[in-house]
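The two complexes that follow have subunit A in common; it is paired with subunit B in the first and with subunit C in the second.
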Partner chain A sequence: MGDRNTMTKVEAVIQPSKLDAVKSGLLEIGIDGMTVLEARGHGRQKGHTEFYRGREYTVDLLPKIKIELVIVDERVEEVVKVISDAARTGKIGDGKIFLSKVEDVIRIRNDERGPNAL
Partner chain B sequence: MSAFEQRLNLVNAPFVSGVAQIRDTYDRGTLRIREEFDASANGVAAIHARAALLDQLCATLWDKYLAKHSETGIALVAVGGYGRGVLFPHSDVDLLFLCERDEPKRELKDSIRGFCQELWDARIRVSPTTRTLAECDTYHPENVEFTISLLDCRALAGSGELFRELHDKIIPGLIKRESQGLIQQLIEVNDARRAKFGNSIFHLEPNLKDGAGGLRDYNQSCWIVQVLNLSNGAGWAEPANAFPMTLRQSAAKAYEFLCAVRCFLHYRHSRDENVLSWDAQEEAATRQIGTQDKQVPDAASWMREYFRQARTFSRLSSHYYEHVAASRSSLVKQFQNWRSRVSNTDFTVTNGYVYLKQPSAIVDPDLLMRTFEFVAQNGIPLAHSTEQRIEQVVAELAASPIRMEWWRYLSSVLIRPHAAMALRSMQQLGMLNLIIPEFHEIDALALRDLYHQYTVDEHTFLAIDTIHRLQEVEAEWESRFREVYEELEEPSVLFLALLFHDVGKGTADKPHVDASLEIALDRLESLGLNTREIEDVCFLIELHLEMSAAMRRDIFDAAMIRAFTKKVGTPERLKMLMLLTYADIKAVNKDALTPWKAENLWQLYISASNDLNRSVDDDRFHVDADPELLRHIRLLAPQLGKRLRRFLEGMPQRYLSLHSAEEIVAHVELASKVNSNVVQVKLNRKGSIFELVLAANDRPLLFANVAGILAGWGMSIVKGDAFSNAAGLVLDTFRFTDPYRTLELNLPEWDRFSKSIKDVLEGATPLETLLRGRRKADAKSQKKVVPVSVSFDDEASAHSTLLEIVAQDRPGLLYLISSQIAKLDCNIEIALIDTEGHTAIDVFYLTKAGGKLDADTQETLRAALLTALK
Partner chain C sequence: MHKFLVVLLVAVYLALLSASALAQSSAPVSTDKVAQLEASIAEAKSNADNAWMLVSSALVLMMTGPGLALFYGGLVRKKNVLSTMMQSFAMMALITLLWGIVIFSLAFAKGNSFIGGFQHLFLHGVGAAPDPDYAGTIPLQTFMVYQLMFAIITPALITGAFAERMKFSAMAVFLVLWTLIVYAPMAHMVWGKGGMLNAALGGRFPTLDFAGGTVVHITSGVSALVCALYLGKRIGYPTEVMPPHSVVLSFIGACLLWVGWFGFNAGSALSAGSLATSAFVATHFGAAAATIGWGAAEWIRNGKPSALGAISGAVAGLVAITPAAGFVSPMSAILIGLIAGVFCYFMVAKVKALFGYDDSLDAFGVHGAGGTLGAILTGIFASKLVNPIFKDAQGNALGSGVIDGNWHQLGNQLVGVLMAWGLAIVGTVVILFLVDKTIGLRVSEDHEVTGLDVTQHGEEGYSWETATR
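The block that comes next holds the complex of A and B.
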């Protein structure tokens, strides 16, 4: 129980084209477990309008990829750096990383808890 | 008796009747069966051995608890799987305590309870039922399982007379009386079971008991044999011996395989587990479960064996489904009777299956292929007797060379709505392998990753079906793909590419795209396709992963889109590649094409489509930069000499993408005859479409006049393009239909038509004369209204202003537009004319006085066009 509250959830919203680079970067530092979600959204990078056959297609929500992983606190800065470096193009729309504390983790298979269950 | 069974008999000493001893003897017997299975992987022997072990145990318990009640008329009967004499390691044991009459008295009930309790104490999952003869004779539609379980009854102990009464009189009588309802129920239960597993044998982790192609399909077939036999008064059958000859051997092999695998799963999980999980597949492959003398190198190859066996059971089940088709509900019958209307001189459709009117005539290879064409058109499966005849003929044909006509039929099968059903049938009966021998290499080939649900052959059929099923899609995001499909000029090119796109996956020594391409090239030459079509099929195969790869990059990045469209070349190829990508992803697994991915694919498509239309002017061919093309065409036509270089220099790359080398040679020949005022025209016909190729030196109003002449003759332009080279030579191509059949019905009119074009363009006849009569005839109202859209783009080209017009298509539309352009002294550098249904989509690259159009000219032209197109 003493190990609880020492974990952080990392949620990174990135460009779909950067997924492979981010995955490889994380793998290189020994992180191979993550959840990848197909997402749509926009922040400052607004959508744009494309015309096709006289019809207007407005893309106001842009395709994004959301990666979620939970890690022990000691690795947070290292993971954030890997994600940032791999996902950065320098343009608007590169995405964001959100960090939040995780109360506990339970492995369903054997009820293991805390960082050992990661 | 096998060596396995002999050894088991030696260890199965009689049970001693004490509780602990019974349990101990049973455990030792069970352990020995497992050891034998571990050593031999013989599943059939293991399940028989466990049933025999249980027989001995039941006999011991009978003596202990029930022998004393023998005067009351009772018998112990094994039913269900146990009745068949087969018990998987952790399957339930179904027992029937059969009483002659009345409910058993309390004392007897207690004895039955004691009997069952000891089985439970030995950790045997027993499912006991106590019934009187009269109860067994009653059919309960809501509890059909009990009646079905009686189809596998076997005497264990007690009154032989009572069992014979049940076996020889009660059950045959019941089945004879209730066969219709029972079969109906069997089918409904079966349909529900298969539907639960998506009616597909292809799952990443299949259930080999209840899933399609599982052991239940085999059991179901046995039950139907039994019901049919008993209801016909033919007595009890040995079902496996009654299977059709063509399936008997393969069904026996599949049974051995699946029994071994199911035993393996039960032992592995120590429970009645029937899902062949990912890990279990690895282990089964390592242990060579079910493979007998055939060694498989890895889990993927082992799964290939599994899918082949599952396909046999699925086929067996379909055969009996057909057999009992006549017993189905009246609604189904009504539907099938309606389908019988498609019967023709060659085929009869009865009870929803295709029969040959003259079975002996199937030796005619044309009729053979027409049979598959019929299936592809109507979506009706072949009757088993038809399949049997075809299998015989295919075996005989295997020795003779491939016939060219088969390719023509294969093409015809592919474009029909139920092509996938016909292809599966062709594959199953050996015909597909005969035409494309490499297909054998992908037969049931499992890729075995967590993404690819289907085997390579099934994926191919599903991808083809995905395109055909576009006609039925309702979701808005999918209907866009249907619209693009409906615009395709040659859908057969797309289907051929889909048929071949993964065929190279069966080739181990090179990347699958290269292998598929090689195989396709080899085979397509037999198909009688023209060079352009072969190039298109090969292009699609070669680039079939390109859009998926592009979607992993930034689909809004202009440079990426440009690089992608450069590889694609033409809008038609882009459409086909996009549809191939859509089908390829969707046929990987049922969730692979998420709306997210589909939207990205669509965005990539429209960005690329727009880019293709906007980049034509700047992307021109220069001989010195790419001498390879020149060399290639010179090899085909060395007589062209320097004329070829002069013709190609400065032509838009789009021109080269749109035309094959042979067409370019013909164009150069045509262009060679052009001099100052003389124009050259060539008229061709392909099906219902006419093609006019025109070569001329550039001059004012050229494009508008050609459009006007076609309108004057009442022709409806569906596609067109106009290109010019560095020397100012214009090469226009117009594709049009002939709604009044002027050219179609009157061959002499071809010459008059060509002459009228030359006369107008060379100034001998005024265009107005030609147009005067036509305007009145065409003043019809249009049903569908397409809003007019006129847009200019100054950024797309370095030299021209791009004008895009979308409007309702109508006769003379192109003339109307091009004459407005000419009135403002604008020059058409390039024109790309397209028609989709009722919508005309025309793109022009315009210049005025050698430069882009200024803002005033753009506004004046916009206003003029909007007024003219109102």
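The block that comes next holds the complex of A and C.
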């Protein structure tokens, strides 16, 4: 079990329109496992107003895409660069990437553990 | 050229000769044959009218389900989509049975100036034979089922005012009683034999209401306002945001309403002739103009023309043109539509906020306000050239509305409008009070927060696979 704690979870919150670019960027460097979620959120980006029959609504939770993937530590910088290059427009609202340590990974099919299960 | 002309003339001469010879040689036509011919012509006309009226009946039913169910269903929050649709659908079942048992008779049997009698109880005497007072060319049974579809959509319209907070049981009892106590007398007064507002059968205050501006839209819209006031606001209104959960559903519903409305208005000609065409055209032009009216008002005020605004405008126009279709020209219909679009936008966007009532889906703002406006504008724009409904003793057409110089009609329209408002307010308050004191009107706070789909019906409109046995 010596190779535990050598994995990192990458959570990237990005603009929905950048999903394809990020996904194909990751595929190009050989990362093919990922989980994609439709999400809503906001940081510094302001929302917008909507009108329904004259009533004004401020929508401040905006549609986002969250990509989650777990990789071995050696690839972290490479993956971060691919994601930020592909998702960057330079404007507020481009999103964030969160990195965190992963204790362990278990492949449900055959109980494989650690980086081999990735 | 000359030669050709001569040949042509000779040919025509010969043709005429042979034709007259043929006529002389044919046998005299027997009176039997004439009667037979007349009967088959009458039958053909009756069949044509009946075909249109059956199609119209189906179109009007389509306005409630799926039209109104989708329109309203999209406007509520996700947790109340099924319960809202169910309220419309319940009317399709409940009112149908009651109509057959008693309400058709109360509305359309011969009675006094307020309410019909019991001659048609259990549809007694409602069969293939037409009733010439209503529609001489279609079976009374067709007329009965066509009118039923109006009685279904009218209470269903009210559900928009108390959406998202009324018990299903209370809703059902309230709307059944409402159809008996408010709808039946109003329909009788305006359309029934002996009704005091009936323009076609010589009522005391002949109100022009071609397809139900007073009977359907004022009664339902004003009752809706009473409901909104009596039940009170939804929890969280107006501070909490409650935008429509799917304008897409509402959009489809509104488009179905527009199409169904051709059955509603053009069908109200009760025949398939040129009057139906006239009502059809006025309906369409009114709806289009109101779409533009509402859309433009919104564009100017909010900077954007919304899809919800466009479809709301169309419905407002259809409401306002309902009493007028069949009496007004297409150009008058455009004017009525434009005014209705702007007026109803103002009612919904400004007046509602000003008074703070929670008419959740704007049943009053669109149907009550648009219906009242339409009824009054009908008195102005009704033209004898379109439909000579008033005649003197010699059968000459008299003026219909103000544009024909008949200012008097404006007064009659006001009587009709006031009757509808009065009956709707009094009837609705009394019934709401009774239901409130017996079974209670509103769901509990817990249930309202959870949503009516789960608490009233035990199901969800959009389920995620989390259910377990």
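In this text, the second predicted complex is superposed on the first by the 115 of 118 C-alpha atoms of A that agree within 3 Å, B and C clash if a C-alpha of one lies under 4 Å from a C-alpha of the other, contacts with A are read in each partner's own complex, and residues count from 1 in each chain.
By definition in this document, a contact is a pair of C-beta atoms (placed from the backbone, for glycine too) under 8 Å apart; a residue touches a chain by one contact, two chains touch by 3 or more.
Here the structure is a predicted model, which means the values were calculated and not measured.
In the superposed model, A:Val72 lies in contact with neither subunit B nor subunit C. Counting the residues of subunit A that each partner touches, subunit B and subunit C differ, and the larger count belongs to B.
In the overlay built on the shared chain, the residue A:Leu118 is in contact with neither subunit B nor subunit C. In the superposition on chain A, A:Tyr57 contacts both subunit B and subunit C. When the two complexes are laid over each other on chain A, subunit A has residues 50-54, 57 in contact with both subunit B and subunit C. Within the complex, the subunit C residues that touch subunit A are 238, 241, 243-244, 298, 301-302, 304, 306, 308-309, 312, 345, 348-350, 353, 362. Interface residues of subunit A, counted against subunit C in their complex, comprise 50-55, 57. Partner subunit B is touched in their complex by these residues of subunit A: 15-17, 19-20, 38-40, 48, 50-54, 57, 59, 62-63. On the side of subunit B, the complex with subunit A involves touching residues 551-556, 594, 596-597, 599-600, 602-603, 606-607, 609-610, 786-787, 789, 791, 804, 806, 836, 839, 841.
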